[in-house]
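So that we are looking at the same thing, I have put the structure below in structure tokens.
Labels for the chains are A, B, C and D, by order of writing; each one numbers its residues from 1.
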């Protein structure tokens, strides 16, 4: 594709968009699909024809709008009218009233403004508003312009500098400065170099990356191409969980579309830069999301992490310099290049710029996919965006950071969301899961649940993680069945320290977090389990013994 | 100075640790000057006494009677010592834990399948526990003397140190297992 | 033409085998394509049996133990034939918090099947999975590919019973 | 050859306060051993690639709060390494205790009793009891090979056998199956050893097994064991890995 062709295509698309008075965006992401989104989509298409308004009303199949609790969700532009729990019957009524008569159907609207008020959508800028399967839709909203800019008006070092100045940190969890990581790879000797987009979002309860891929796959592809240009790579891999069939399909089609338009392949935009992407599927191993394990998996081996150094930046795929970025990190890149690092750095908190996507789930009134500026407090997320816990229940704890994230109590809710504050409190940013617990959850049982998850997902290479976690699980399991003594609590702490400090990779190093934070903030529950055999949530002691109230 | 009240107990084990204890030979005489043996399989005392200073326990906990006895020992003893590997970690006694069968199947295997005469499992004896337990799985243990069996001089060394009021470090002095 | 080794490995020279070998050719017999090849094989055959693994190891020139190690490392690959019908209960955080365990227990009890296993008659398999990503509709169960959101034991059991009944007719 | 020597720079560092000179790129464990400083290790085997799994050879490096597996961490100029702090002893003890509790390691009925590296470590580190519950796994004993035997109940998953079979014998008969606590050493497609077609019966695996999991039938374990490979093997290997 020539630079001019991109511009003229964008223009043509934008005009076509303008020619419609209304645009009906039907969310067809994994959150809405199981609840009949495709039927709703065809119902809208039929209704538009039936009422003869297909000339002024465009029906689009889009990605996630973010309000997964009201699936299937439909967004009508202009005015961003959001309809909830739409059925094929309701679709017909909406077309008749809203489009034909110009009267939005108030009774079906999702009237929750607070949910959107504190959100800021940069990564999810296009989610729910473009058709992910039409590359033209992406180009119409300025897609691939950043790549064009990078290739034609910036040096690789200039791109790295821009990303570095933006202060963007890796969104995969560890929070390493993205610009710095790129520089390491750019400076590493060895050829060829590789770029890997990490979409192995194995954390239970986290679906931010999946939603991004389903809603705006080209943002990831464009980000990867820019990264490849910056570090000098010509080959990229997207590593996706195979449990995400829709994301896999969407990405596959997006890569093909980009290839057929010449946005991937040889001599992109008639420059010397060539880059192509291959999709690689995971197969159900949480640990494969770890940097060195992802390498093993792409090389077709057991996804067992290896010690670092050498870091993948020096010796990655097949021993070559490799850049591994989370897909959310990559989706930020095009915006940073277009709007500038200064603009990006002005968003969020000091030392922690930009936004973060979270899947907000658990005992909260408005679960869904949210994107918030860094530095926002947990209270704002849980109570303003999430609308608090269900009526009649009491907030107990919030878990940030997936299965190895810590649990934070009420008194820490004013903590700002940034890498440092979370780590200090015993939680982690992780890949973006926020799970809210109310008084129906037992903290001992919950710690046990997450420890069990990590036991199942441990690769088995190092002793602390393979054996230590299992022993920890057994002790916690004992507590929920009325076994154990107060002395065991100290043993648990010692064992946790060993696992945290001596494990080989991030899985083991963070796996004790749920146990350690529940011990730190909810010790009284452990004591009640041990001494009184009492579980205030009524979860434990179900198989004989104990006096847990049901 | 009053003599230290010492007890030795034999739970589920082969008695090899007690043999090793007796192998202290002439050093036993020295020891005898400092202690009073208040309970032991080698002395005919029916009930485990109160106010015991040190109890050496050989063997793992294999049946209900031993479970009760060990709890009583703990209650009546200042310092409880696990003597030998069965007491320390179950050892040979606990090998039956690998058979995921019920207690009945274990008995069947031992007393019927592998018996040549009188093929029937004993009935009027304490019931076997489902799982053989090391001492520290039941009660708090104050000191461990590993070995199968622990050598006589190790037992002697530990006892003498303890009688002197010191807790001897064992790193490198014993053989694990 | 199917590879000569296929018959040796006891595989039928059918369409599935043709597609599998075509996929392997597409990856140019590269050793690092093992995961992709296993994915393809499982899609075609439903599960990975011994003959299939031997054949793959020969074509990719990988040691059998390596292939077996990889196939068993990843949860998704099944080495045993699953039941005619499959129930999968999501055990992700959101689902667990909202009572997914009760769903599993209900199915286990009613159909006498353990999680990860298949009923004695081979009719029903029960699997648990870690997060299908529909957390806002937790708890979720998937019965023969159909997702049931905000599931209760009653609804899930009813659905399974209906499927099993339909089978009988 | 000459190139290789020129390429390896010599650097200085201290181990436990002792100044030593080392070749750049060498691991901490190798340098320590060359200087007669003992760092305990279990999964490490000279002559094959390092695994870094047992976490027994952990050391501290001044300036970092972390601990490092010395068998895989390369030395660097000016590094100050501590090999024997109280913290390290605590961690090593946990590692050995956890291994002993993972499967039924009953020394008195084990072929390796007296020549077992795990047993020796337990002794050295003062593991006089286990703080966690023992697992009594019941894997089937594999006696199908005419010369060797395999008892998975004694395996500590150090992967020495896997590495030597792959890297020295070059056949890769052995690998791991499953993962995490269910991991198990297997031959070919989880076949019985005697039926594993690719096995050359060379015996290297049993010679390097640190415990009594793989052993030669009818021969005292102490006589069939080797902690180190023949020097011609190790020297060739280390040359290869310099570049």
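Everything that follows uses one rule, which is that a residue touches a chain if its C-beta (ideal position, glycine included) is under 8 Å from a C-beta of that chain, and two chains touch if they have at least 3 such contacts.
What you see is a predicted model, and the numbers here were worked out from it, not measured in a lab.
*Asks:* Could you quickly compare C-D and A-D and let me know which has more C-beta contacts?
*Replies:* A-D
*Asks:* Compare the CA centroid of chain B with every other chain's and tell me the farthest one.
*Replies:* Taking each chain's C-alpha mean as its centre, the farthest from chain B is A.
*Asks:* For chain B and chain C, what's the span in angstrom between their mean Cα positions?
*Replies:* 51
*Asks:* Determine the centre-to-centre distance between chain C and chain D, using the mean Cα coordinates as centres, and give it in whole Å.
*Replies:* Comparing mean C-alpha positions, chain D is 36 Å from chain C.
*Asks:* Using Cα averages as centroids, what's the distance between chain A and chain D in whole Å?
*Replies:* For chain A versus chain D, the centre distance works out to 39 Å.
*Asks:* If you average the Cα atoms of chain A and of chain C to get two centres, how far apart are those centres in Å?
*Replies:* 26
*Asks:* So which stretches of chain C touch two or more other chains?
*Replies:* Expected reply: 66, 69, 73.
*Asks:* Show the residues in chain D shared as contacts by 2 or more other chains, in ascending order.
*Replies:* Those would be 131, 133, 176, 178-179.
*Asks:* Under the stated touch criterion, can you name all the chain pairs that qualify?
*Replies:* Between chains, contact exists in these pairs: A-C, A-D, B-D, C-D.
*Asks:* How about chain C: which of its residues touch chain D in the complex?
*Replies:* Going through chain C, the ones touching chain D are 50, 53-54, 63-69, 72-73.
*Asks:* Provide the residue numbers of chain D that touch chain C in the complex, in ascending order.
*Replies:* Listed in rising order, the residues are 166, 171-179, 186-190, 198.
*Asks:* Sort out for me which residues of chain D touch chain A in the complex.
*Replies:* For this pair, the touching residues of chain D are 51-55, 58, 66-67, 69, 72-74, 90-91, 94-95, 98-99, 101-102, 131-133, 157, 176, 178-183.
*Asks:* What residues on chain A touch chain C, complex-wise?
*Replies:* Listed in rising order, the residues of chain A that touch chain C are 30-31, 33-35, 68-69, 71, 202-207, 210-211, 242-244, 280-286, 297-303, 359, 361-363, 367-368, 399, 403, 433, 435, 437, 441, 446, 449-450, 453, 456-457, 459.
*Asks:* Residue numbers of chain C touching chain A in their complex, please.
*Replies:* Residues 30-36, 38-39, 66, 69-70, 73-77, 91-98, 129-138, 140, 146-149 of chain C touch chain A in their complex.
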